[in-house]
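Quick one: this structure, given as C-alpha cells, is what I'll be asking you about.
Chain IDs A, B and C follow the sequence of writing; residue 1 opens each chain.
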Amino acid sequence: MKKVLALVLACVMVFALAACGGSGKSSADTVTIGVFEPASGDNGAGGKQETLGVQYANSVQPTVEIGGKTYNVVVKYVDNESSNDKAPSAAAELVNAGCSIVLGSYGSGVSIAGGPTFEAAGIPAVGITCTNPQVTEGNTYYFRICFLDPFQGTVLANYAFNELGVTKAYCLNKLGDDYSGGLVKYFIDAFEGLGGECVHEEFPDGNSDFTSYVANAKAADCGVFFSPVSTEAAQLIIDQVVAQGASFPLLAGDTWDSNVILQAAKGKDVQVTVTTFYPEGADANFDSSIKAWINGDSTNLANNGGDDTVAAVTAMGYDAYFFALAAMQKAGSTEPAKVMAALWDTEINGVTGPIALDKTNGDAIRNTAFVKQADTATGTWIALDPVTVG
Amino acid sequence: MDLRKDKKKDALCTAVALTGMLVVLLIMELTMKSTSILFTVLKKGVIYALVAVSMNLLNGFTGLFSLGQAGFMLIGAYTYSILSMPISVKMGESVYKYYDCAIGIELGIFPSLILAGVIAAVFAALIGLPVLRLKSDYLAIATLGFAEILRAFFQWDAMGPVTNGANVLRQYKDLTKVKIPFTNIPFPPTLFCFLVSGICIAIIVLLINSSYGRAFKAIRDDEIAAEAMGINLFKHKEMSFVISSFFAGISGAMLAMFQYTIQAAQFKTAMTYEILLIVVIGGIGSVTGSCIASFLFIACNEWWLRFLDESSNNILGLNILRSGFRKVVFSIIIMIIVLFFSKGIMGEREFSWARVRAFFRDPFGARSRKARKAAASEGGEP
Amino acid sequence: MSFLQNSLPYILAGISVGGQYALIAIGYTMVYGILRLINFAHGDVFMAAGMFMVFLSASLPLGVAVPLVLLLTVLLGFLIERAAYKPLRSAPRMSVMISAIGVSYLLQNCALYFTGGLAKVYPQLPWLSDTVTILGAVTKRVTLITPILTLVLVIGLSLFIRYTKVGMAMRAVSKDFETARLMGIKVNSVISTTFIIGSLLAAVGSLLYFTNYASVTPTSGGMPGLKCFVAAVFGGIGSIPGAVIGAFIIGICENIIKGLGWTTFSDAFTFALLIVILLVKPTGLFGEKATDKV
C-alpha cells in the first residue's frame, strides 16, 4: 500500500516537472504578456476584476503587429496570493515564462515586493492600479498608468473638507498594508494642512470585528469615516456602521470602487463616496461590449462579483493591455530591454483617458480623479463632478 | 578497528559529495540564466532548510515543543535589513517615508548576518527565562504568543523610526550585492545561500553530536532521568532555545536578502506551521530529513504544481483546473504523507553511506524509495 | 451616565464576541481533555460552517438551510476525526497534531478553491440581524442573544456530561484512556461523540459570529480559532467552565483594548494575558495540576 502510494506521489511530481518544462517557452511568432495579479487572499476580488480587463482586451485583440510581423499574444496569469512573501516566486514564474512585459499588480505591497525580481531579470512591469509612490521609486523597471496616493489623498481630503464640510475625520487602515497605510498618511497630511483634525487607527491582519473602531469614531465625534482598505474589510465596516446607526459618511479610495461595496451598501442607510480612475458610462461603447462579454461567460461573471457593473480597475486593466501592445509596437521588438526603452515615450488614448508617462519615475501624468457615490436604493454608482488638481 | 576505518571513509565520501554538489551548483549558476525559477526555489529551499533544522534542534532533539520560529526569523530579518541598509537610503525619503530613521550606522553583509542571529538569540534568552519553565503544549502556545507579540511590537507606530512601522523595508543589501571578498565580482547568489546555510547546519550537526547534544537527547527522552543523571535541565533547555533562535535569526536575515523586501506582516503563525510541517514530513529528529523535506515542500508549493492553476491545461472539457486547485492538491499530498508515512521521509534516521552501499549491493531486496530520494536530491549530508 | 454610554458599545461587543469564542473554545477543550490533542482544524470547521451557510442559503429557504448547516458541520467534524485522527491513535502525539494542521490546510484550500478566493457575504438572518437600541447604544440583536444562548448551551452540556451515561464515559476516558477502555467503554464512539458536540457548538457559534460580522473568507477561521484556543488554555485546558470564562475574559479585554485606542496591540494583548496567567498558574485558571510520575 505504502509503496504504491509513494510511487503515485513520485509520478505526480515527475509529471508536474515535465509539465513545467514543457510550458513557458515562447516560440517565434508569439509574444507573452505576464499578468501579475492576486486571485486569492485579501485582494483576490480586486485582482480578479483587474485581470478581467486584460482578458477582455486580449479577446478583443489577440494579435499584434510588431515590426511588420504578426504575433499571437499569449497572456500568462500568475496568482501572487496578495502576499508579499509569495510575490518573488510568482514573479520568477513570470520571468521563467519569457514575458516581454508584465502588467500588475492590484495592491501596492506585492508590486513593491515583486519589483526587484523583474528588475533583476530586466523585464519592464507596468502597474495598473498600484497607487503607492514606492512602487516606481528607485525601480527603473516599474512603470504605472494610474495616479498616485499623494494626489488621491489630497483629492479626498479636499472633498471631505470642502464638499462635505467636516473638520474632524476618522482614518482607519490595515496594519502592514502599504496601500491603505500610505493613502491614510497622505490624507492626514492634506486634511490637517487644510486645518482639519484626524483620529488615526489601525486594525490587525485577520480582524473581522469592527465594532470598536466604529464606536471609537462615534465617540470622537468624527464627521467622516475614511478607510481605504480592501473590499473584504470594507463589507464588514459598512455593515458595522449601519448596525451602529452611525450618521457619518464613508469615504475611500479606488479599492472601494467595486460592486462588492455596492452589494454591501444596497438598501442600507449609508453614504459611500469613492475616488476612482473610471466612471461607468464615460465610454458607452466600451461599457456595452464588455458587459456583453462578462455576461456571456459564467466564470467571468463570478470573477466580476456576480453582476456586470464595470469596475474602474477592469477599465484600467483593459487600457494597460493596449498600452503594453503600443509599447511593443513602438519598440518594434518583443525584447524586454527594447520594450522598456520604448515605454517612456509610449502614449495612447485609453477609455480611462489619455495615458503618458513622466520622465522621472515612469508614473502616469494624470491630474483628474473621478468621484462616485453609491446609490443605495438601486445599487449603482452615481458619478459626481471629477476633481482636477494641479 | 574496522568501524573506525568505515567512519573515516564515510566522512571522506560526505566531503566529496558536498564539494561535488557545490561545484555542480557553481557550474549551473555560471552557465544557466540566473533568473531561472530553479534557482529561486533552491535559494528559498535552502533558507527554509536552515530554519527547519533549527526548529528540529528544539523539537526533535531537545523535545521542547516551541512554535516561536517565525518570531525569531522576524527579528533576524529586521535586524539584518536595518543594519545593512545604506546610510543614504536611511536618510532619504524612499524607505523611511513617514519617519526619520533613528539608526545612523551601516554595516557590511557578514556583520549584519551575525548580528541578526545574535539579536534573535538575545531576545530568545529573555523570552526563555520565564517560558521554558512551562511544559509541552503550554510551552507551544506561550512561544506562539510571544511570536505574535513580537510581530505587533515591530509594527508599532512608536517603533517607526527604527522599524519603519508596519511598512516594507527595502533597498538594503540583498543577494545581488554579495561580492567575492577583496574583489568587485558578484558572488553567485545561490551558492552563497548554500554556503551560509551549509555552514550553519554543519555547526548544528556538530553540536548535536557533542556532549551537549547527548544531554539534549537525554532531556527529550526523559526529563526526570536526565535530571537524576546530573544534567542541569534549565541550563540545557535555555541553551538549545537560544542556539535554535540564533540560527532562525540568520535564516530570517537570508530570507530578507532573498526577498528584496521585508515586512513584519508575513511572519504569521502560518509560517511557523509551514516550518513545523517541513520538520515533521522530513522526520522529527532527522537533520537530513528536514533538509530534503524543505526542498520538496518549497518546490511543490511554489513551482511544480503551478500548472494545476491554469485553466488552459484542462482536458476533456472538465473545468476542475482553476486558480486554487494547486493548493488543494498540495494539501492532499501533505495529508497522504502525514497519514501513511507518519514517521516522515527519514523517520529518526540520518542519511548514511552504509545504507547507500547496502542499497547498491541489493537494489531489489531493499527497495526503499526513501533512501533513493535522499541520495538523489541531497547528495550527502554529514 | 455618559461614561456608561461611551463604554457600553465596547462591553456589549466584548460579551457578544466572548460568547461566540466560548462556543468554539469548548470544542478545543473537550478534544484536548480526551485526546490530549490541539485540534488546529477546529477553527476551520467553524469557517466551513459559515461557507455551508453561504452556499446553502443561496438555493434553500433559511428554515431548511440552518438545520442542514448544523448537520453538515457535525458530519464534517465526525469525518475529520475518523479519517485524519483515528488512524494515528497509536502514533506519537506530534503526528496527530500535524495531521490536524494538515486538515486545517486542506479545509482552507478547499474553501479557497470553491469560493475562488472571494469573500462571501453571509446571509441576513431575519430577527437576529435587526438593530436594537439599548441604553443609547445601537447594536444588532444577535449581540444580546449570544451570551444568553451560550449560557443555555453550556448549562445543557454540563448537565449532559454530568448525568448521562455517555457523559460519564467521556469523563472516564478523559481521566484515564487505557483504564476506561479496559472497563468496557467504547472509546472510539466516545471520541466521535466529543467531536460531534464540538462541531455542533462551532456551527452554532459560526451562525452567531457571521451574523454579526457578515463576511466569510477561507481564512476567517484562523484568528478566531487561535484566540479560542488561547481562551481554552487560559481557563485551563480540559475544563469546560474554564474555557467559557476564559473566552468571555478575552472577548471583553480585547474590545476594551481597542476602545482605549491600542488597536495595534489588540491581538498581542490576548497573548500577553495568556503568558502572564501561564507563568502564575502553569495549567491555566481552572486546570488540574499535573503531577510528574517518578
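Please note the rule applied: a residue touches a chain if its C-beta (ideal position, glycine included) is under 8 Å from a C-beta of that chain, and two chains touch if they have at least 3 such contacts.
Owing to the predicted nature of the structure, the values given are computational and were not obtained by experimental measurement.
Ranking all chains by how far their C-alpha centres lie from the centre of chain C, first place goes to A. Annotation: A-B is the more contact-rich of the chain pairs A-B and A-C, by number of C-beta pairs in contact. We define each chain's centre as the mean of its Cα atoms; on that basis chain A and chain B are separated by 34 Å. Centres computed as Cα averages put chain A at a distance of 36 Å from chain C.
Multi-chain contact residues of chain C (touching two or more other chains): 112, 116-117, 222, 264, 267. Across the assembly, chain B contributes 152, 155, 157, 322-324 as residues in contact with two or more other chains.
Among all residues of chain A, those that touch two or more other chains are 39-40, 175, 202, 204. Across the complex, chain B meets chain C through its residues 59, 65, 130-131, 133-135, 137-138, 140-142, 144-146, 148-149, 151-153, 155-157, 224, 269-270, 273, 276-277, 280, 284, 322-325, 327-328, 330-332, 334-335, 338-339, 342-343.
Remark: chain B residues 34-37, 40-41, 44, 94-95, 97-98, 152, 155, 157, 165-168, 170-171, 174, 176, 258-261, 263-266, 268, 271, 300, 302-310, 313, 322-324, 333, 336-337, 340-341, 367, 369-370 touch chain A in the complex.
Contact residues on chain C toward chain B in their complex (touch as defined above): 32, 36, 38, 40, 84, 87-88, 91-92, 94-95, 98-99, 101-106, 108-110, 112-113, 116-117, 222, 226, 229-230, 233, 237, 264-265, 267-268, 270-272, 274-275, 278-279, 282-283, 290, 292, 294.
Contacts from chain C toward chain A in the complex involve residues 6, 9-10, 13, 17, 112, 116-119, 121, 131, 133, 138-140, 212-215, 217-220, 222-224, 255, 258-259, 261, 263-264, 266-267. For chain A in complex with chain B, the residues that touch the partner chain are 1-3, 5-7, 9-10, 12-13, 16-17, 19-20, 23, 39-40, 77-79, 83-86, 88-90, 92-93, 95-96, 109, 112-113, 115-117, 120-121, 133-134, 137-138, 175-178, 181-182, 185, 202, 204-205, 299.
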